[in-house]
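Look at the two complexes coming up: chain A is in both, with chain B in one and chain C in the other.
Our next item is the complex of A and B:
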């Protein structure tokens, strides 16, 4: 699995570049490296459905972020960082990585040996139970369809939120005032 | 030691995202930190599901595929949901950032004085 380590290293490098570079547009493009590397890793880990979704979502997210940083004067504006927060962040996140390492080696089964106690049911019964040859699809749309319904609810709530925040009511009121004055 | 290395690298990626949220002043950098942490969590769940030498959880008509040889399909289904929800929340965060820039004329969170209680 050497390619997995290479891609993970690429993603970590892309994440550090995205966070430390001054130009905001370059930072957004570096996050694109992280997302597309993640998509290739999903393919290597035998999750093709997740990889396709990740590519689509990553492109949409990069387009939205570029929309936010489109103006040149915004893109070149650097704001620096909080020194105290940065120091505390480095100390405690280093401790978190060490604690995670200890927890993984004592509580988690090693990489490549999943715990299949719950989910061995799905591959065994997918064809006879739902008729779907893709087991992931049978889980999403049949065994756990209420979860997908909840996903759709969250998605539409977020869309309503974005439309509410981005609508331009203020401009309409000014136009109305101008019409009244005339 | 080596058996847990992908998990540890994934944790490092998550911590980079959290570091950006904690230490950066620019609101776009904070959003990028949220996005990176979210990718790391999705990656961790798919890493846990991987079976060495396993194959994708798709049956075939022309080939005999045993269910025992498949990777774990349940985290894949849940991560699929999580990715789409992540895009929706990212879009909402970006909309808020664009509105804040329109109101205060800056992306610097320390200069948005009226937000302080």
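Our next item is the complex of A and C:
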């Protein structure tokens, strides 16, 4: 488990660097470190499906972020201290710690033995029930396909929204708008 | 900067891309079609296919990838994927319920043609995700060009 903590430390360092560094491209690279570490952690925890999806989506996100930040001069303005936000953060963090102590004081069940027994039904019955040897796929596309439909709808809505907001057809240039106003 | 973007990147990047982009595309198809046998599936495979088109776009400039997969066709393919996924769910109604696996008795577990409608659902999701992501990518790049021309 020591490699897990090394990776977690790397991810926390990458996240802090991404926040603190002034150069936007360096911040994007640091965000990429966080995603890569998360992917390796998924692989170590024996979840290759999630690891593949994580690394692939991370690559796409980093490409988009680099394209968005590389040639753009964004004036960075250091905002002042926000005492109200800091106070709220400390209060909610304290509440979370107290709730965690209250919940987990009786001890957690060990890794791989969840409290919910439904998760043991899927590995036992997936192959005979659906015919798919990849149990993850049999869950997301057969037992829980309705949830996948919802996820697909979310993605569809996001794509439609981006294509609609940033469309070029039917968008007037600024000069035309100014002429119309005059 | 604008001239460099019109014609893509250097000849080294173009040569390496020419060699690898087909392999990336094939790997995406492999991930999709074996989604019910090995780790992976429609979502990851679709993103890999979108990444291969992004690779083309970045290395050779926008005109080359627009010939292969234009911005208008991304919307059509995405909608086709969504309709295919929903149609598979609705056909199941006739056989017993929403998302009923009506093809299930065909094929043995572990074969490429098995698991009923799960591979078809994987293909539908991959069309949706791949075309949708590439459409977002193209839209953001076009917007950026529009802005840089304005300046």
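Just so it is clear, the second predicted complex is superposed on the first by the 127 of 182 C-alpha atoms of A that agree within 3 Å, B and C clash if a C-alpha of one lies under 4 Å from a C-alpha of the other, contacts with A are read in each partner's own complex, and residues count from 1 in each chain.
By definition in this document, contacts are C-beta pairs under 8 Å (C-beta built on N, C-alpha and C of every residue); 3 or more make two chains touch, one makes a residue touch a chain.
Note that the structure is predicted; figures quoted are calculated from it, not measured.
Undergrad: May I ask you to decide whether A:93 touches chain B, chain C, both, or neither, giving the answer as first, second, both or neither?
TA: first
Undergrad: Does the superposition put A:105 against chain B (first), chain C (second), both, or neither?
TA: Touch status of A:105: first partner only.
Undergrad: Hey, is it chain B or chain C that touches more of chain A?
TA: B
Undergrad: Which of the two partners, first being chain B and second being chain C, lies in contact with A:162: first, second, both, or neither?
TA: both
Undergrad: In the overlaid three-chain picture, which partner chain does A:49 touch, first (chain B) or second (chain C), both, or neither?
TA: Touch partners of A:49: chain B and chain C.
Undergrad: Let me test your reading of the model: by the given contact rule, A:67 touches which partner, first (chain B), second (chain C), both or neither?
TA: In the superposed model, A:67 contacts both chain B and chain C.
Undergrad: Looking at the overlay, does A:142 come into contact with chain B only (first), chain C only (second), both, or neither?
TA: A:142 contacts chain C only, not chain B.
Undergrad: For A:18, decide between first (touching chain B), second (touching chain C), both and neither.
TA: After superposing on A, A:18 lies in contact with chain B but is clear of chain C.
Undergrad: Is A:117 contacted by the first partner chain B, the second partner chain C, both or neither?
TA: In the superposition, A:117 contacts neither chain B nor chain C.
Undergrad: Enumerate the residues of chain A that count as touching chain B in its complex and touching chain C in the other.
TA: 48-49, 53, 57, 60, 64, 67-68, 127, 133-134, 136, 140, 148, 155, 158-159, 162, 166
Undergrad: Over in the complex, which chain B residues touch chain A? Could you list them?
TA: 1, 3-13, 15-20, 22-26, 28-29, 31-33, 35-36, 39, 42-43, 46-61, 67-68, 70-81, 83-92, 94-99, 101, 106-108, 110
Undergrad: For a test of understanding, state which residues of chain A touch chain B in their complex under the given definition.
TA: Within the complex, chain A contacts chain B at residues 1, 4-5, 8-9, 11-12, 15-16, 18-19, 24, 27-28, 31, 34-35, 38, 41-42, 45-50, 53-54, 57, 60-61, 64-65, 67-69, 74, 77-82, 85-86, 88-90, 93, 96-97, 100-101, 104-105, 108, 110-114, 116, 118-120, 122-124, 126-127, 133-136, 139-140, 144, 147-148, 151, 154-155, 157-159, 161-162, 165-166.
Undergrad: Give the list of chain A residues in touch with chain C in this complex.
TA: Those residues of chain A that touch chain C are 48-49, 51-53, 56-57, 59-60, 63-64, 67-68, 71-72, 127-128, 130-134, 136-138, 140-142, 145-146, 148-149, 152, 155-156, 158-159, 162-163, 166-168, 174.
Undergrad: Can you list the residues on chain C that touch chain A in the complex?
TA: 1, 31, 35-41, 43-44, 47-48, 50-51, 54, 58, 75, 78, 82, 85-86, 89, 98-99, 101, 104, 107-110, 114-116, 118, 121-122, 125, 128-129, 132-133, 135-137, 139-144, 146, 148, 150
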